[in-house]
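When the chains are written out, they are named A, B, C and D in that same order, and each has its own residue count from 1.
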């Protein structure tokens, strides 16, 4: 049980939830969040958006029952969270592009913040369908920031300029990037979304077919080498 | 601290709380979260002869107060299980129940024989998985099919044998009696209820397999009734389950006739729920002056 | 406003929404709250040959997302019904379905014959009430019993005959087929699931009758599955029910194979719920360009 | 849907809930209250405690899931209520005693207020197990007010002094009063509590055996002639 410090709307249907406490967690990892007692039965996976010694921040988009319930929480309310779960993005060196689409930008802020000091070059690409948000925040960490609203952010991306592309967003966008990188000397890391129950790797409801067999997105992912998951 | 020890047939349990098959993997993941040696036992994910990838498409969906799953017995196969999981499980200080599924009798028997060479405490014969065409539920619907598989299983193992019954059985009491007659040491019930959910925009079922298994609080009244009916009509011990979310639910199942209880879906709601349930049963016994669980098994 | 008319066999319904037996009395009380003539139909409280007082002890209990009831066919008996309720019902401008229960075949037939002399639109043969020892569920468990009662009922009435099936049936598809063979004009399903609840302090069941009937959202996935299984295996129209709380649920039941749907427990949550459901189905048809409900019945 | 004007604690586990709006309703009638969306599934019956042109007031004791949920409601929150349901106490003349036990006093304030002007004499008896509450409110309407805390209020009551006794409270108390009145020229009216589902008389889960056959407490009651219900 933890206390909510802030739960504010940052754009249409997009909220920022700040929870008090010092939490562990690496870039790309997630927590199972529960802002209610009984129902919905299952907790909801949300990625670490930001984090410091006093608090952890999540960025969420209102989708259905659970995220709607989250919006009703106020400062001082209690919330349950379990984690951090999952593998997260690897710590790498070299030139790196971070590409986020829509709410897929959620895990990428903390990722950018972390990579900023270890990599040689860090470019950030953010794509939105209707309205941009939090681009200033991202601006702080990238050497270059590219934003597109309404058209494909992949249009701005030249994958060959990078050693790594870390991406999170709609599957169609991530697939495109993996395809663009095919045969080139670029490693892509994607974050896979699957409905989850346990979140810890025990129930197999989030299993995903990979080149190396079935894999539990919550435990062995959510971050995968692009070529391992989008190989068909 | 009350005395939570309980004998399930010849098998001693340090307490009646067992984590249910398919909701607790092989224990590894939860061991990272708490000391799972406090559990009465662990029932493993269902093991089949061959490795399986499980079902395609959506595997989980939430209902009013339950979940539907369509995992479909994804598992490493009995050989993989023996190699990769048994060494870990044998080191645990809790009872290990290996849940076994299959597509046909010979598959079942193969897996049972293999598993019988290990030091596990019990086999749970899953004749009730609704999620795979040949996942075993076929054996759990009609008494004669159940009888046949139990008879054969009994021949190939000396391990304590618990048969896991399906709530979709035509006559669960009749099946339970047949299992007893064929030498089962106990019964566990219930597995998931066969259910359907539809995406009305797409005009399609949510699950590729069309039907999926319902678990969680919504099945509790029916599960509890079935436990009680089976308890009244058989003489072997029962592991009751179906929607147990807290100690009160667990005690209801015990009073309905369960010697042990299993906790499934609740693990997803709170990964440490089994600790709370053990403690809650303990508190209840203390408060009510119950010296041994045997005093209240089937008391209603 | 879409065209919500639908033919259930030879009976025309102005819309597919019917209030379920036992949850709507004989319509009188809800008529004080809204214009019940907007309903597709009303299924009355179960009527038996003789007047009955129903069960003693607690009659209602709440579960996680459902209720359990143990009313036990309290009703004025067929004579009382004909005298006090039929005149009121005949004046309504909605289809009247009389639900009939009984302890033995002759009781059923007596009530059916009496009711057949009136102007009602349909008889719903309740072979599925779990709440009275001789309330009819006995007839809804085994196919041969169901077959027998339907055959006899068919002989004594020319009214459209719908048989209400029990989810506790051994093989609901088999029973459904038998009903069809014996001349039923339609099927309604499901009645309540047999469940148990326990007061752990008292160490006693909540209900004097021990088991009681579960209804509401928690039974929906199972009810929907049963409707779909029966739909796929019979050729007579179905009235689907079990946990319908809103238009989305109703449409799921239609897509699973229901021609009409019944709303039970939801009336207790919101007495005007049927209005919302009719409107919601209408909106969905409009939005999706559905001209007639027939386009989506059983479409999944 | 109506708005909450006030939801305050008046004693241990006892709350007063004031809802905005002009509602119909007679003394002893009740509403089915729903201060939540989905669960609990059933609404809860609460008697009219007080009422005027602007608002209606309920007095409730925290018992379980539903009443606990009610306590969480704040001024301005929405609440659903259906009613008025049931028959209520009859309007009578003559000398009358009103006897309430515990939360059974809830319907009796509005009852006293209504009867005050029609009856010749109105005495009020209130019994509490641990602590008295709202006795001042009742004081306004009675010719005499008797209060007991910890012992039986029936000890103070001389039934022969009255033409009518209206009572609501624990069954044991109401039975006692009906017994005391037996053979005397006093009519007792009791308010029966049964678990309810529909609240309107359609489902028969609240049926109660009376001298005249089965009766629906929600529709034909909750107020009955004492001799009709406690006759065995």
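Everything that follows uses one rule, which is that a contact is a pair of C-beta atoms (placed from the backbone, for glycine too) under 8 Å apart; a residue touches a chain by one contact, two chains touch by 3 or more.
Note that the structure is a prediction, hence the values are computed from the model and not measured.
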{"item": "Between chain D and chain C, distance of the C-alpha-averaged centres to the nearest whole Å", "value": "35"}
{"item": "Between chain B and chain D, centroid-to-centroid distance (C-alpha), Å", "value": "49"}
{"item": "Multi-chain contact sites of chain A, meaning residues that touch two or more partners", "value": "38-39"}
{"item": "Touching two or more other chains - residues of chain B", "value": "64-66, 216-217"}
{"item": "Arrangement of touching chains [line / ring / star / complete / other]", "value": "ring"}
{"item": "Touching pairs among all chains present in the structure", "value": "A-B, A-D, B-C, C-D"}
{"item": "Residues of chain D defined as touching chain C within the complex", "value": "34, 38-43, 65, 80, 82, 195-207, 209, 213-214, 219"}
{"item": "In the complex, chain C residues that touch chain B", "value": "63-66, 68, 170-171, 193-198, 200, 203-205, 210-211, 214, 216-222, 224-225, 228, 243, 248, 251-252, 255-256, 284, 296, 299-300"}
{"item": "For the chain A and chain D complex, residues of the former touching the latter", "value": "38-39"}
{"item": "Parts of chain C lying in touch with chain D, wherever the complex brings them together", "value": "22-25, 28-30, 32-33, 45, 53-54, 58-62, 64-67, 69, 71, 74, 216-217, 265, 267-271"}
